[in-house]
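The following pair of complexes shares a single chain, chain A, combined with chain B in the former and chain C in the latter.
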Partner chain A sequence: MTYIARPRLHHPTLVRNKVGYTRRDYEGKISTLCAGCGHDSISAAIVQACWELDIEPHRVAKLSGIGCSSKTPDYFLGASHGFNTVHGRMPSVLTGANLANRDLLYLGVSGDGDSASIGLGQFAHAMRRGVRMVYIVENNGVYGLTKGQFSATADRGSKSKKGVVNADAPVDLIGMALQLGATYVARGFSGDKAQLVPLIEGAIGHGGAAFIDVISPCVAFNNHAGSTRSYDYVREHNDAVNRIDFIDLAPEVTAEPGAGEVITVPQPDGTMMRLRKLHTDYDPTDRVRAMDHVQAHQARGEIVTGLLYVDSHATDLHEGLNTVKRPLNALTEADLCPGAAALAKVNASLR
Partner chain B sequence: MRPTDVDDPGYFHKVVDCQWACPAHTPVPEYIRLIAQGRYDDAYMVNWVSNVFPGVLGRTCDRPCEPACRRGRVEEQNTAKPEPVAICRLKRVAADFKGDDMRARLPRAPAKNGKRVACIGAGPASLTVARDLASQGYAVTVFDGEQKAGGFIRTQIPRFRLPESVIDEECGYILNLGVEFRGGQRVDSMSALLAEPWDAVFVGCGAPRGRDLDIPGRREAAADIHIGIDWLASVSFGHVSSVKKRVIVLGGGNTAMDCCRSARRLGADEVRVVVRSGYEEMKASPWEKEDAMHEGIPIINYHVPKAFLHENGTLTGMVFEIVKAVYDDQGRRSLVPTGEADVTIPCDEVLIAVGQENSFPWIERDCGIAFDRWGLPELDAKTFQSTVPKVFFGGDAAFGPKNIITAVAHGHEAAVSIDRFLHDEPIAKRPPPHVNLVSQKMGIHEWSYHNAVSNDLRSKVPWAAAQKALASIKVEVELGFDPVTALKEAERCLNCDVQTVFTEKQCIECDACVDICPMDCITFTDNGEEEDLRARLKAPATNAEQALYVSGPLKTSRIMVKDEDVCLHCGLCAERCPTGAWDMQKFLLQTTQAGPACRDGKPGTVRVVNAA
Partner chain C sequence: MKRIEAVNDFVVKFANVNGSGSASANELFARSILRMGVPVSPRNIFPSNIQGLPTWYEVRVSERGWLGRRGGIDMMVAMNPQTWDQDLAEIEPGGYLFYDSTKPMPKSAFRDDITVIGMPATAICNATYDDARQRQLFKNIMVLGALAVLLDVDPAVIESLFGEQYRGKERLLESNIRALHAGCSFARDQLMPPHGSEVGLKVRRADRVGNRIFIEGNAATALGCVYGGATVCAWYPITPSSSVAEAFDKYCRQFRVDPDTGENKFAIVQAEDEIASIGIITGAGWNGARAFTCTSGPGISLMTEFIGLAYFAEIPLTIIDVQRGGPSTGMPTRTQQADLIASAYASHGDTKHVLLLPHDPAECFEHAAVALDLADRLQTPVFVMSDLDIGMNQRLCEPLQWDDSRRYDRGKVMTAAELESGKEFGRYKDVDGDGVPWRTLPGTHPTLGAYFTRGTTRDAYARYSESGKDYTYNVERLLQKFATAAEIVPQPVLKAADRKTRLGAIYFGSTSPAMDEALEGLAGADIHLDALRLRAFPFPESVRDFIEEHDQVFVVEQNRDAQMRTLLVNELEIDPAKLIRVLHFDGTPITARYISGAITKFVHTLAVAPRREKIA
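After this line comes the complex of A and B, so read on.
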């Protein structure tokens, strides 16, 4: 951690976005995590994505559970709503909040302990229900706050800092999310913001349950030889299936890729997301093949990253429940007490 | 780009913008930190070693350091009026609050080494040579036409800007080193001097001739028309103690500013400064213009003097032609008449401050010293040696009128030349600076400097009440910072000498430094040519004057690029670095002065050592 506050001075060329904020306005308090923690890079990526998408900070609710990762919402979007839940219970609280006010952008930030151990059931049901949210797991494979025991996502055979070999099979959050019906599933790496920021932007624009598993090395307890979550290991075994080139078809900056290498995916708000394929045979709109591909590469010890699956016609919990279109706090007395005539109509329908 | 060679002392020196810009390369952040700690004596010594006249310069320096100061750049787009640290006035703080026992810390005159050096003129250049050499055992004799030492400092800077006690004190420190001062003894012949047994001669006689203005009426009204620098000297010595009611000062330099403010204090009701050029192009320092206007003196620009008006030899006014600035394709300016009717400004007295010239009537043209077509001595630009090997020049006498701090810098270099010359060492070979680079890490997040960046704006120096200040030419106008304000101002210093040093083999490319840097200085990217790199950093590096710090290839074959331009030196990159690839290291550069350190390894007397 750092003792001094981040100076408020900024680069003279720092620009404001459409809603009048600079990137620095999306920051939070100074991080108290260990120096070099991957989680801080993820926070920076969230800041960058929110700034680029012109999101008003007060229209964001960030929710988290317990753990190093769950501390991070304090370190970004300082002007947004925040809720630090009981360990592993972030998905339920987020679901409730979303039902109450469907207009906010929900950012669920969790870790491998919070989501794959104590909160595994919560995780599963939030995905099943298709809650519209950006669910980010900052996945480092260890319990950092309790000094580096293996977490539930640690690979079998990986070595702890003390040299102990992990004998348990890992919980595969990507596989589970795909299986349970998440409609936007991606994996990123904290050490590659060029890939991560567009993944987060795509998730923010998505119309259903968006899940991003971000490999985030723990520099204090899981960045040694033998670990499968170290910077070196992830860089050596990273196999990106695609790159989100740009969102909303903004003027292209890179050379036009060849035919068949690019697919466009519509976003719910009418904009388009363009994906540049790095594996020509990989189709991110085919859920079953996506599961197959990820599993096959995982078996070879490779870490598949990129946008693994997207359903551009996703629906969310509100559609399934046919809820009112407005947030509950916007409903007036007239909406909530429609009068005797309305009651009579309801009663009549039940006769 | 090739990896930056940080072993080259020039690289980090250039990052310390103030020190780089200072002709004498005073380690500015070093003494500002000492001021913040209340160690005024130590701060004074750092200055004294480097610039010889801290009290004088703390009031009168041209401050090339301040326009260079990084603080001015980092405040851009952050505050309404970006301003550098008040470096010059902090220097004065060190002089104002130092203890009484300063003399005890200064070097004592050592045993004489048997060599005799003559210094012509007792201005800042000569006195610097005298100090550097006398403290090394040379027998130095300083000649000056005036009774007291100081030269330009004493004769032309008005007392309301620089009290005489400060001049006496700081000239005294030098003369006390066993320097022989022959006041009132003007050297009239270089040939005669060269015939005497001097081992070396240093000419620091300044640029003593003020330019005149040969326009109609000049001769007829001569009694009411004065050359600015001569008039200032007369005021300084008390020969002139009053002026007439309406005064026009011609010229836009600092001398003009001193003239108009002096005239105001000697009883003139209406003082006007009239300049040919536009206000912005005036040579005077911005703060001197502001100070004059603050005292109610208007500056009238784009007026070219055409004639002096007089009645029977008594000046009655001046006629000016009105011009405008026109720029050609190359951006060269010319002043073109606008065609408007000439303007007459009534006045009773005129001070001409339109420039100074060198003048060496006492140097016989057959004594071996060659002069160029502008009347300046032919010198080696680095060694200051003339065409007579044992004669050296410095200060305004060398390359024309500049300023005090430049004269001091010349003095140091000339003293090195003389020291090497008299030890039979080649003087073209210059000694490298003394450089030190030390980690400031004290603990996990503790540094031996105060790395929190202050958000305070520049503090204003308090002034004496206008009524009191304008009543007498001897009342000092600026009062200097008090210790509390000095601390506040010192905290604005970014400690640019505490360098961000990057060790590429330690880096794991976790991006922690990139994420934390408040100024977006750091980028990890693929290598490229400088122009290409500058455009695709996290924040564009548009200030080509400022270097890019480039590492060798890292594990991912990318490189680290840091734009030095607006780095706050807050050390957050080093605090967030998990492996110590970034470290904050204090870079202290001291130019090598005359003495054993400047020579090729021959033992000798002890040099002036920085006590801090």
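After this line comes the complex of A and C, so read on.
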């Protein structure tokens, strides 16, 4: 981490996006995480994605639980409201915030300790309700703030920094998200920003519950030989199924994709997401086959990354509840209070 | 044997089997007496069960209008063989037993100090109906008809209630009326003199109900949430609070659907548990929607972590606690006021929360709406402490009232224009001297007013801080806010004795009707008390004054540990010796007899005779 404050002044040549912001406008406070922490790369990817998508920072609400990952919302989107809630409970708070104002973009940041242990229930129910959000788990397989205990996503047989071997089976958040009905499921790697930024952009444009598991090595406690979440291990075992580009956002990528075919996936905001297949037989719009593929490759020790599943016709909780288009927090007495005359009728029916 | 004879002043208890369809017939019985202008207060005594276990419905008829449980049974309608012995034992000497005499009972099964009325209801129904379900349902209606004749309840009143209930369903209406008439005829022909005995309990038309309404507290609470502008409700089913959420859903579908689009101006989420429920309303409250959850004691235990967060991070939310018997699963279908301390100081660290204490459905309505205002005004969790006795029983109360000029108090929310005009924004800064800071809602302004909400210590500008100075500034400001709360919560109601007295009584919530009755009874026995009905925590200064003005103050409550007394001692630093416990906690609603007995015993034993003013 650095203690040197970043200068507030922006360089005049910094590029402004369509809503007039430079990349710097999407930054937050100086990170207090360890130097080299994968989480900081994810924060940088969020900054880039929001800037590229021309999102006004104040139209984002960022919510998190407790832990290293959950501290990060303070380190990006400084002009957005943030809420660092309680351990494992970000999903419910985000759900309520989303119900109150459906017009904002909800970004939930959590970790493997936060989402796969105490928060497993809330993780599951937010997915099955289809809360429209970008839910990022910064997954390092270890408890950082409490100094190196295994988390529930640590692989069986992996070794802690102190040499302890993990005997428990890992919680597979990707598998759960797919099974529970998440409509956008992806895995990225904090060491591969070129892959991660479009995954986040795709999630932002998605119309339902979007989940991204980002393998994010912990340089302090889980970056050693024997760990299955170290930079080296993840690089060696990363098996990307595809790459995303936005057609309208990345006009410079005009060359033919290197491998596989290209499919386009429409997004609710009208954009088309272009997906370059790296595995020709992988179909990210088939939930059951996605589960099958991910499980089979994981069983071989590979870390499957990319956009694993997307339902471009996803609906969300508001559609399920048939709520009004106006945010509930903007409704007034005139909308909400039936008035004295209606109450007199209620009274009359109770005599 | 001296038979009990009473007009418009008696208690009838129905002993039934859960799931047998008795509930609607029992309710008709109570309603028909109400329609005759005589106040009644029915109470469901039900098991934690769907079908098969014993359930009771106790109806107190009281022309005087006493709505508390009386205790003692003048007539038992014993329709459940499982509980025969227990039911029989409850009847007051000289009272009446009405039973289904289809199966002959040995003489030893009865008591000789009561009047026994047997009606072979099952046999009659079996002879009349083929369908098993009809036999069951119409048996209840036949019994109702017989009771109407015996007690002088006008069958025409019951018929008109049928008419309202089965409007447009002529066949159902007709068959119910036929069953009712069959019951009436049987009673006239077989149960009344000369064949049977006269029943000394009679209903006589009166004009003592007025324009009062008859409603369950939970339904009134739900209406209060609708009127108070709640848009987000997250809940998890738990007795006795589930019907709050269900009624909210019902009333929202009635009042909150946009007529043009068919879209809902509300969101109700049945969450996966109580923790998610309060999490959802925390998020909604943070984001500026009025939000509530409804639960009972076990839910409060689960919610405490979030309650601490909402207290410390200053987020408005409303918790409806319909209390039941605790601790743990406790007595899920019985009543208590035993969540006071768990709620008042919920969560770790130094916390204090606002509690409202409604005493009847009308106040449930009002307090629910007020709680939503107070939560926004104070930016903190506000509890409405109802209980099973109020929540799940229909209670006669004043009509619900709403003033159309009333505006929601959204509290201190800074707008984009205010931020733009240069108004200083410090999320946790006390600028008005009331301990309540200003807040902004997410999405308000592109560059101004954003802040980071957290449960960790922060400075007045919401910046993370580990400084003791920042911490103490914050938590002392929260105390200031709590003092502000004491001034704006519903204030206590004083019921002064009609002469000067050194004795006082403090009570609250569902104890209220029993207390009113006890006060009158005690006054008749020359024990005079000034009584203060608390309506909220924190306590305003008037509570301290009241205690100081009296030598001894009885604190009447429905829990074992005198929790309200503890709060009074703790918050007002009252000498504990001054506050005398009157505690009732067996799960049944407290009675006037119990209160009077406890107070009389104290007064006599310690000879703290009420001193009368000398007449000059």
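As a working rule, the second predicted complex is superposed on the first by the 320 of 351 C-alpha atoms of A that agree within 3 Å, B and C clash if a C-alpha of one lies under 4 Å from a C-alpha of the other, contacts with A are read in each partner's own complex, and residues count from 1 in each chain.
In this section, a residue touches a chain if its C-beta (ideal position, glycine included) is under 8 Å from a C-beta of that chain, and two chains touch if they have at least 3 such contacts.
Everything numeric here is computed off the predicted structure, so don't read it as measured data.
Student: Does chain B (first) or chain C (second) touch A:Gly301, or do both, or does neither?
Tutor: neither
Student: Contact-wise, after the overlay, does A:Lys193 reach chain B, chain C, both or neither (first, second, both, neither)?
Tutor: First partner only, chain B.
Student: May I ask you to decide whether A:Gly36 touches chain B, chain C, both, or neither, giving the answer as first, second, both or neither?
Tutor: first
Student: Just checking: does A:Gly157 make contact with chain B only, chain C only, both, or neither of them? Give me first, second, both or neither.
Tutor: Neither: A:Gly157 stays clear of chain B and chain C.
Student: Going by the contact rule set out at the top, does A:Arg89 touch chain B (first), chain C (second), both, or neither?
Tutor: second
Student: Using the superposition on chain A described above, determine whether A:Pro266 touches chain B (first), chain C (second), both, or neither.
Tutor: So A:Pro266 meets neither chain B nor chain C here.
Student: Who wins on chain A residues touched, chain B or chain C?
Tutor: Counted on chain A, the partner with more touching residues turns out to be C.
Student: Should A:Gly78 be classified as contacting the first partner (chain B), the second (chain C), both, or neither?
Tutor: second
Student: Between chain B and chain C, whom does A:Leu14 touch in the aligned arrangement: first, second, both, or neither?
Tutor: first
Student: If you lay the two complexes on top of each other, which residues of chain A touch chain B in one and chain C in the other?
Tutor: none
Student: Show me the residue ranges of chain C that touch chain A in the complex, using the header's touch definition.
Tutor: Residue positions touching the partner: 211-215, 223, 226-227, 229, 231-232, 234, 255-256, 258, 261-269, 271-273, 275-289, 291, 305-306, 309, 399-404, 407-408, 440-447, 450-456, 464.
Student: Flag every residue of chain A that touches chain B in the complex, lowest number first.
Tutor: Result: residues 1-14, 24, 34-38, 40-41, 43-44, 190-191, 193, 217, 219-220, 223, 231-232, 235 of chain A touch chain B.
Student: Name, in rising order, each residue of chain B that touches chain A in their complex.
Tutor: Of all residues in chain B, those touching chain A are 73-78, 445, 451-453, 455, 508-512, 514-516, 518-521, 539-540, 542, 555-556, 566, 568, 570, 572, 575-579.
Student: Please name which positions on chain A make contact with chain C in the complex.
Tutor: Touch residues, chain A against chain C: 56-59, 61, 63, 73-74, 78-86, 89, 91-101, 103-104, 121-122, 124-125, 129, 317-318, 321-325, 328-329, 331-333, 335-340, 342-344, 346-347, 350-351.
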